[in-house]
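Take this structure, written in structure tokens, and hold onto it; I'll ask about it next.
Chains here go by letter, A, B and C, matching the order in which they are written, and residues are numbered from 1 within each.
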Amino acid sequence: MAAKQQLKDILENWDSTREGRGLHSLIAALYPICRSITGEGLRQSLRLLQQHVPLSLCEVPTGDQVFDWTIPREWNIRDAWIKNERGQKVVDFAKSNLHVVNYSVPVRLRMGLAELKQHLFSLPETPDWIPYRTSYYRETWGFCVTQRQLEMLEEGEYEVRIDSTLAPGHLTYGEFRIQGATDEEVLISCHSCHPSLCNDNLSGMTIAARLAALLQNVPLRYSYRFVWVPGTIGAIAWLARNEAETGRIRHGLVLSCLGDRGPFTYKRSRRGNAEIDRVVAQALSRPATGHSILDFVPYGYDERQYCSPGFNLPVGVLMRTPNGRYPEYHTSADNLDLVDAGALGESLGLLLRIVLRLEKNRVCINQNPKCEPQLGRRGLYRTMGGLKDSPEREMAMLWVLNFSDGSHSLLDIAERSSLDFAVLEQAAAALEEHNLLRPAG
Amino acid sequence: MAAKQQLKDILENWDSTREGRGLHSLIAALYPICRSITGEGLRQSLRLLQQHVPLSLCEVPTGDQVFDWTIPREWNIRDAWIKNERGQKVVDFAKSNLHVVNYSVPVRLRMGLAELKQHLFSLPETPDWIPYRTSYYRETWGFCVTQRQLEMLEEGEYEVRIDSTLAPGHLTYGEFRIQGATDEEVLISCHSCHPSLCNDNLSGMTIAARLAALLQNVPLRYSYRFVWVPGTIGAIAWLARNEAETGRIRHGLVLSCLGDRGPFTYKRSRRGNAEIDRVVAQALSRPATGHSILDFVPYGYDERQYCSPGFNLPVGVLMRTPNGRYPEYHTSADNLDLVDAGALGESLGLLLRIVLRLEKNRVCINQNPKCEPQLGRRGLYRTMGGLKDSPEREMAMLWVLNFSDGSHSLLDIAERSSLDFAVLEQAAAALEEHNLLRPAG
Amino acid sequence: MAAKQQLKDILENWDSTREGRGLHSLIAALYPICRSITGEGLRQSLRLLQQHVPLSLCEVPTGDQVFDWTIPREWNIRDAWIKNERGQKVVDFAKSNLHVVNYSVPVRLRMGLAELKQHLFSLPETPDWIPYRTSYYRETWGFCVTQRQLEMLEEGEYEVRIDSTLAPGHLTYGEFRIQGATDEEVLISCHSCHPSLCNDNLSGMTIAARLAALLQNVPLRYSYRFVWVPGTIGAIAWLARNEAETGRIRHGLVLSCLGDRGPFTYKRSRRGNAEIDRVVAQALSRPATGHSILDFVPYGYDERQYCSPGFNLPVGVLMRTPNGRYPEYHTSADNLDLVDAGALGESLGLLLRIVLRLEKNRVCINQNPKCEPQLGRRGLYRTMGGLKDSPEREMAMLWVLNFSDGSHSLLDIAERSSLDFAVLEQAAAALEEHNLLRPAG
């Protein structure tokens, strides 16, 4: 069996733009599909990801009780339009799947403009953008249109057609697990229910797939579980089906909005100071990335469920510009132009650096705790004295030795010293080689 | 029996100016009376408050030992003046009771200007103001005069008369208790010994009386004990007589200087992070009032006694401009002009908001802790998805649900979420109605 | 036996300039001696200090194992030079002992300029300064020269001579102990191995000697142990020989760079919040000295050894401008001009104020914890009431009484009140006299 590639080798050869171009192509392939929290569009999207990583499709039947919720009927849609008196399609689902309120019931009606307008949604402030609206749990129908479309509608009778079905079926989610040296797990979750919206969340879906593909080829300490779930109901269904196994989750991240050009944003887990929270903060700080770190709040993405008090899992959210904070959010302007290959590649690179820290963080024990060991005679330290500054590598060894008393992890030492985690980890490895250090426990 | 009015109803119909006008009238009625730490002026003031709330007058006899202190003789004064050689009253107690050093012994003397001046106190920097001075525990006498009065005194012989008595009697304090659903108590204390000084502390005395009058008509969880005590010795006497019951005090406030136009100041209890400290800070922050919060220091008002280490009660001090921080402090300029009806009414309104928080703060338990409950099907949540922002009411429900794990009170959640306490409390009440939440314990 | 002088008397009569002039003279006497981590120069320096304080010279034989290290051979040097073809000495140890790389092996060689240059060290950016270099543990030789010297060297053959010896002998350190009322110890340590460098660390060596001389004449609660040790190996040797006694060390300071004109710098012990860390911070803050306080890092001076995880002693470092932060550091410009008599005297004064705090800090118990005691009838408090401000002495008594509940030391109270430690300590003493306070335990 061939020796596996190491994580640090992947990072040392990282090319954000090249990786990002691959991600952008995958987003472009997924973009036209009409996803929802159930249905064929969702299945088709997950099957497309299977070309990159062998994820499984899991089907949860309509009517299944998942905690306080019930799996709804499956929604599928073939076509939808509004025709004016002259038979012209003034709104057409074929042009953008955002035109239909997601989960609209089937409709075949004629009505006047006034009545029709009660079912139309637009964004007056951005008159060329189509809003994204859903109505999963209340039976209704509607169309989302640009403000310009709305304003051009004349008085008269309209023919309205939504060729959708709401019928017993399944909710589908994707899952992929990599077995590491231990059963302790890292959970990576992304919502996969949004139709033609690129940043939210084709960016997260594709980055998760590519991360999974990369990690399945490197030796790992943790096991990694990737889930592509419809927002809210999908995460709840996954938790309901995997409740017994959630105790293994040591760290977790929700991925979303990772393709725009904004700086990174990390939203802490409900615990606030979990290892994942500290690892991400440390990875973002070296080099400093102009990022923001936000405290947990109980709205946002599926961290709402993972961090509900009955689970309280150590799951944070990695984003660039957060949901609701960019004007294109939940509109047709969250398109292929909004997401950038370089940004996508950089996001994936950051995730690899986070994984490296999770994998390599450990508590070590100094085997020579009384005074410093003589590093010089082991070739680990300069022999000329009197210099003003020490190389970072030597300082890293002194930090690791001094604080490896059994109560400080390498992450603790990185935080305290402001040295780069990778440099500290290499120092620890060198000291371990010389039997000056050993892993605790 | 008629249904009692609710605290929140009083607050919803609050009119600071109207309430303040009533308080200002009461201050005006109390203003001319010469109070001290004992004597008829003190009794007369408390009897005047009885017209608004049925407080009891408690009498502690001269000579009683109260911890390290002894109740002094009772001081009463009828008249006092200084006459010049022409028989003109150059200083006259009838014009301001501040003219006599409080607790001056009786005097009937003739003396030259030089000797007289050793008994005169003035404020050179504010030449029209009479200072306020006392000498409770050292037998002496003196007059407080304006700097202009002092400068107009000519050489010659003066006749000095203080028609006061120092004789066995009593120290008087006022007390009023409202029995709530539990015996746990909230203590409201104000010093009531100062003569014609409005902000310090007719403002506190009258606001305490009005707060008591309002609270006796609403259903309450806590019992409330109001005390009007002479400064220092009165608080010590009260503590000595009620030592066994101090264990019931869960929260307390000293009220002083609540009528000037300055922003609010809260001085924390010695504990520093007692519930009262957090409740007041929270009440001041929503809406932000440009207030100050000060750490406990062992000088100031009667919190010195309540927070002495042998008691260490959770008692803070609510003020506007603190003692010693406004130029009129302890001078004749602390008069009816310094205190403002609007400010007085607003201070009382703040106290009601503090009481509301004390009354309504509680720890709740989410009855559906694994994932979010489906609020939409209970009519508690919007059914249209995709919107950018959530209404505050919905966010409040999510906060309450997520953090009601048995270790967070509504106050904790208010601090963490920066949402208004009242909105969170209403969210909790709605969730309790739907059996999604129940009070802990 | 004559009554001993008190520490506070010394401080009240402190004259920084006069004291500093004495220290500067002593530095001038020590300056020309060529010290190293072993050898006659080190011994000669310690003997010179014996004129001021009766310290002992301790000899550790070559080859002794001290933890991970071995005592090296003793190094002595008589002369060294480089001659050009004309027989002129172009570099001469007699002019500055910094010219030879410390611990150079004996050399008698002829070589061309190119080969010679491999053994020459200079500082291009400060062309008139000689660098300080050492090679204790790798056998080599070298000369340190000014950049101007280096540039004037012509092509040709050079004669190189280092008349040094490396032979079995001893490592020498100095030690002095003052027995106090208890066996609990304060450790004062300074590295004493640097040749002609004044701030680093003749300043520390001489201040330690003078502090020892002063303290041996005052009554003390703690015992004080002063050590003058060669850097690193000397501290390690001292710790190896005194390991059993290190448990007695309650507080410690490493002294270095205390003569330059910069503001004070304190580097915290590894513990970070040891009493010594708080005492030094408090002493520096009153009056505010524009000082810096740095967290522990595992490089610097001998705190590296005292704070190694197997010892973790509460030892900080007191400096003015820290090592490596002033341009003259480890060069011939760290000379008699760099160190200032006033600065030296002020550093010693600060040490005395630190010692005063260590000696006088204690936990007291208020004997009258319920309400305030009546200070006025004991003559401890003003009798006239109504004044705007209280004297600091009275506030100090109230602070001490309120917080002397058994869990706050005088240092805690100083930190919380921002009052001067000395004023608080005097208040405590006055209250103890009146039996209102007693020391805890």
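Everything below uses one rule, namely that contacts are C-beta pairs under 8 Å (C-beta built on N, C-alpha and C of every residue); 3 or more make two chains touch, one makes a residue touch a chain.
Values in this document were obtained by computation on a predicted structure and should not be read as measured data.
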item	value
Shared interface numbering between subunit B and subunit A [over half = same, under half = different]	different
Equivalent-chain rotation between subunit C and subunit B, CA atoms, steps of 5 degrees	120
Where subunit A and subunit B are represented by their mean Cα positions, the distance between them in whole Å	54
Of all residues in subunit C, the ones touching two or more other chains	none
Of all residues in subunit B, those that touch subunit A in their complex	366, 368-374, 376-377, 383-390, 395, 398-399, 401-405, 416-417
Subunit B - residues contacting subunit C, complex	66-69, 102, 131-138, 232, 235-236, 239-240, 243, 270, 295, 297-299, 304-305, 307-312, 324, 329-330
